[in-house]
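Below are two complexes that have chain A in common, paired first with chain B and then with chain C.
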Partner chain A sequence: MPAIAWMAVFFLIPLYVVLCVAFGKVDPVFRSAIPVWNPLEWSFTQLAIVVDRLVGPDNFYLPPVLRTIAYVVIAVAACLLIAFPVAWFTARHAGSHKALVLTLLVAPFWISYMMRMLAWVNLLQNDGWVNKIISLNGLLPTEQAWLSGRPTTVILGLIYGYVPYMILPLFAALDRISPSLLEAARDLGAGGFDVFRRVILPMSIPGVAAGMLLVCLPMMGDYFTNDLLSGSPGTSMIGNLINNSITTPGQSGQAAALLLIVLVVLSAPMIWYTRSTARSEVRS
Partner chain B sequence: MSDEQQPIRPVSRRRLLQASALAIPTAGVLAACARGSGGGSGGASESASATTLQIASPTNPVKWPIAADNQPIASGLEPEQGATLQIYNYADYLNPEVVKAFEKKYEKYGVKVAVSTFNDYSEALAKIRTGTTPFDVYFPSYDAIGKLVTASLIRPLQHSYITNIGNVFPSFQNPWYDLEWQYTVPYVLYTTGIGWRADKISEDVGARPNPYDIFWDPKYREKIAVLDDYREVIGMSLLRNGGTDVNTGDEAQLNAARDAMLLMNQTTKPKVTITGYTDIPEGRTDLSLVWSGDMIAAVQYLPEGTKADILRYWFPPSGKGLVNNDLIVALKGGNNPVLSHLFINFMLDTEIATQNMTFVGYQPPQVSLTPEALVAAGLIPENLKSAVVLPSYFDVGYRQLELSPELEAKYQAIWQQFKAGG
Partner chain C sequence: MSGMTTVTDEANALSHVHSTPDNAPRKSYTLATITFIYLLWSLVPVAIAVLFSFNSGRSRSVWQGFSLRWYIWDPEGSVLHNESLRSAVVHTLVLGVITTAIVVPLGVLFALALDRWRGRVPSGASFAVLLSFVVPEIALAIGLLFMITWLATPFELGTTAQVIGLITFQLSYPVVIVRARLLTIGTHYEEAARDLGASPLGAVRRVLLPMLYPAIFVSAILVFADVLDNFVLVRYLSANAASETTSMKIYNTARAAPTPALNAIATLILLASFAVVIVGYLAYRKWGRGQGEEGTGLGSMAAM
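Showing the complex of A and B:
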């Protein structure tokens, strides 16, 4: 019952407001959104505009969508590659320092996301430390304009910003694997790689799935990383489209419609995840 | 960047309830506003749609109506005691020293000033309309004045408090966007041009046949920026294409400007930002579409040991470029109308206006601050003389007028397509 109340207050009511804005009207003078509370009076013109911009002849929403998918796929994969060894080390080899190592891994999260990104702006600017180091303080002509709208910088920002969300569930999953199982596998003649492939990997799948979802979902809606580390339309993501629409008079409805489309698309992996964990719990 | 943001005074419970009651049914509020201004001719529920926006322009000067329920305050009132004057402004657009000086001047009334900031006018207008914070003083551009008056968001000024009006250019004492300055006083002047660092860009940008072309020159790919302002970039693109009307509704011209902007994305990948005043001096951007005041403010942001003589600004010497001015208004939702008037008058004081310029870089329309005086006083370095706004620019320059809502939607669609980076 409390769960239902919670859902109603923090999810269903806000979602309904978004629907009322998406299918609502626009004030003719100020061009601000006028939500229409009665579903019978909803109009779908805003949604039609968004769909048209996604798949119609003038589909200028499509490049940012494809870009977002590409950035997120690369960033999630990189997060996984970074987080797996870190989580494994923490779970297996940190011994009595486990709590300390975990705390240190999460420590950057005590600083706000914006501050961490601004720190990168300082590090990456033309005369920043990154350029000083790779050019050996100006000896080599390898100075890079990192902040001039480069996809790599945005992807690196995403990886840095979200990698701890990947480490924590992976750690939880790997920590749960009993050492005796690994010993048993070795006793039965499995080599190092076989142990990983046939024991550790299958047993860490729930952690991998949870971690990927945890980092993928916020990345799909991220606009801040791009705003701070690039600022160029050439790296605009879906989050930027939504943010730009919200801040533009007359386009709040389109922002809401775009948000609904993203929500529907992203709920597919979410449902898959909750169903698969429910099933595996039943099995165990 | 801006650390001048001060905490907003806690709102009383009653005020909060009032405000949220206002904020939720937006349509109702607007309908009420439209009725209040006498603009609505339709039924109560449809009055918002029946309100048409009057558009002021140099050829169509407007004297705005003053509603019966929104009369100027009486003359000679005492300032509010122990009040906090709520100022709503762009970041870095008001000298904190000036704010302190105002507090000091009215110390015996216990005046405090709180400055809140916004990023752009759309955001500001939306927040003012919700009425959640009782902002007293606001700094709009004249292209929002129709909306502000129509919705009865601003207060007509009681001229008896504003004795310093005589200090400003005569043309601003009876401007076309607000005849008889019933609601507004001018704040600062600016042109939109090209700013760069001469040590990074070796060419003389102004020597090009069409200097705006530099934003399409692949030589400067990843090194340049444009303003994060839809009117400025669309306006610049229209001018670059040879147009002379930066408020055009002509389909062909707008499409050509849009195509040019998309091409710019492809060829030079500009950043879109309003922080040119720090990005250029600090070396993050070599060249940018900027406001003239940005380049003057940029002097303060140069790294230590870098001389101001590397900064450059180009604006058409003929004056045929984008020229604008911002305004100061008193908001109707504010709790301190007398202090608002006193603050507005304070900002028109020549000494205060000059002191303000040393921080914000933007030039106040003070008669005594001629270009020669500005350079002589060291307010503008010799190499940035082109950033001085001359009164004659307002005769020949192009002004961005308020657009009809339909045309505004078109401009915004172009901007959105540009920012999507297709």
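Showing the complex of A and C:
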């Protein structure tokens, strides 16, 4: 009971406040946001401002949004490409090393995300180890400024940060496939590729979907990876737009409206995931 | 785990008997290489960062010899002597302890309630819990920030707000894990205790609760480690330098020519997290023995 009250007060009310701010008015003098508590009096001023910046003539919100989609698509695809062989190896071929490999795969969860990014900031500095290795310790003149607004660095950072969240659900799904099933497929004449395409792949779909979602959702709101690895507006993403609006005085309304748009777009996958998790819980 | 391995081994052995031309060993060799490279890539950068926290010079890329300068000795920049670095570490740990102490009992009660009580309210509540799992953290953080800014709340930004936000965000861990355990336990034990004369509360306290200890323990570890890692919530709900955590410190100074002391505070939090996980793992193995518990922890990890 206290927990339900807690969730109501500190989970539902905050989300409602976001709505009230997003549909709130704008102070005529200071241009700051005024929340409107009564849903009947909600105005669309803030939303209009954001929509205008998205698709209007002065659409400076649009590039970061498109960039986010591009970065996330590339990063999620790369995560899947990395995660699948690793999860498959761990589930099937690790043999007596399975516990060890699994422990190492879980290790990033116990290392703070900021520390993992800090590690790359250290390596990618102008005099960092990456440049030293590329230039063969100063023999070649390749001084790359990795940390000043390179999309590649940001995407690699996203992949590095989130790939563990893809590996574990995938491992869980692949580990559940019974080896006798694969044997049966082979006995019935399927080649290696056929086994993969017609048995492993269909059976791993739930894991792939869960993994993609777990990786994709946080990337949509991520602004710190970008700030640490690039810091340039040339690579900013939706998360940066929201964060910048929050930290700029008087722009909370735009932040709320942006957040609302993101939440609405993401609500379908979020609800799908929540319901499928709830269902699988009931089944087990 | 070991049972699983034998099955796999048997399967491998069998496929050799069948002498499939796909020669599994070569394939697993490629996969092993990929996995090995992945593990190197994922862990070596962090190891290097830890290494440089022990550098005796100011550089974070040129090794100048081992020293504890950035932990203890440096009179200005070391974690021990620099007020803001030390307070970041202490504040992170304090948040971890307080949040875990509140969220775990709350979550266990919540799980018990959801397990017993059927109807609209609990199913809505359980949906909310699962939803809080996937709602981007930034949404909850901004919502709470707005709520504290515009509503007359009896608390202000700072430690209290941070703890409240963290509790809300972390509540789903104990609820999900303890509920899963409750489902596997079933109602028989409790019914048996009741038949033997235990009161309803006594049955829960003396029979059910001890069986839940491993699940409670696992969720406590997960919550603690996750709070140490938290950044978005903690940052938006912070008030001043006193409520700055380690992850905020890294975010604020990583690009501003920091000293290895920054690596040092990150390493300390890493050690705290690992210590809790290792202690927890050992205790868990001791408890879980004979309860058929194995895999639950990993399963719930994977569910995240």
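We take it that the second predicted complex is superposed on the first by the 244 of 284 C-alpha atoms of A that agree within 3 Å, B and C clash if a C-alpha of one lies under 4 Å from a C-alpha of the other, contacts with A are read in each partner's own complex, and residues count from 1 in each chain.
Methods note: a contact is a pair of C-beta atoms (placed from the backbone, for glycine too) under 8 Å apart; a residue touches a chain by one contact, two chains touch by 3 or more.
This is a predicted model, so every value here is computed, not measured.
> Could you say whether A:Leu241 touches chain B, chain C, both of them, or neither, answering first, second, both or neither?
Touch status of A:Leu241: first partner only.
> Looking at A:Leu147 after the superposition, I want to know if it touches chain B, chain C, both of them or none. Which is it: first, second, both, neither?
The answer is both, since A:Leu147 touches chain B and chain C.
> Return first, second, both or neither, reflecting whether A:Ser135 touches chain B, chain C, both chains, or no partner chain.
neither
> Does the superposition put A:Gly231 against chain B (first), chain C (second), both, or neither?
Both partners, chain B and chain C.
> Spot which of chain B and chain C makes contact with more residues of chain A, would you?
C
> Please work out whether A:Gly250 is in contact with chain B alone, chain C alone, both, or neither, and reply first, second, both or neither.
first
> Could you tell me if A:Met220 is touching chain B, chain C, both of them or neither one (first, second, both, neither)?
Touch status of A:Met220: second partner only.
> With the two structures laid over each other on chain A, which partner does A:Asp127 touch: chain B (first), chain C (second), both, or neither?
both
> For A:Pro64, is the partner it touches chain B (first), chain C (second), both, or none of the two (neither)?
Only chain B; A:Pro64 stays clear of chain C.
> Return the residues of chain A at which the contacts from chain B and from chain C coincide.
Shared contact residues on chain A (touching chain B in one complex, chain C in the other): 35, 125, 127, 147, 231.
> Would you pull the chain B residues touching chain A in the complex into a rising list?
Where chain B meets chain A, its residues are 26-27, 30, 34, 48-49, 51, 53, 119-120, 122-123, 125-126, 129, 147, 150-151, 222-223, 225, 265, 269-273, 282-284, 405, 408-409, 412, 415-422.
> If you look only at chain C, which of its residues touch chain A in the complex?
1, 4-5, 7-12, 14-15, 18, 20, 22, 24, 27-28, 31-32, 34-35, 38-39, 41-43, 45-46, 48-49, 52, 59-62, 106-107, 109-110, 113, 121-122, 125-140, 142-147, 149-151, 164-165, 167-168, 171, 175-176, 179-180, 183, 225, 228-229, 231-232, 236, 246-247, 250-251, 254-255, 262-263, 266-267, 269-270, 273-274, 277, 298-299, 301-304
> For the complex, which residues does chain A have touching chain C?
By the definition above, chain A touches chain C via 1-4, 6-7, 10-18, 21, 35, 82, 85-86, 88-90, 92-96, 98-99, 101-102, 104-123, 125, 127-129, 132, 147, 160, 163-165, 168-169, 171-172, 175, 179-180, 182-183, 186-187, 191-192, 213-214, 217-218, 220-221, 223-224, 227-228, 231, 239, 242-243, 246, 252, 255-256, 259, 262-263, 266, 270-271, 273-274, 277-278, 281, 284.
> Which positions of chain A touch chain B when the two form their complex?
For chain A paired with chain B, touching residues are 27-35, 60-64, 67, 125-127, 145, 147-150, 230-236, 240-241, 244-245, 247-251.
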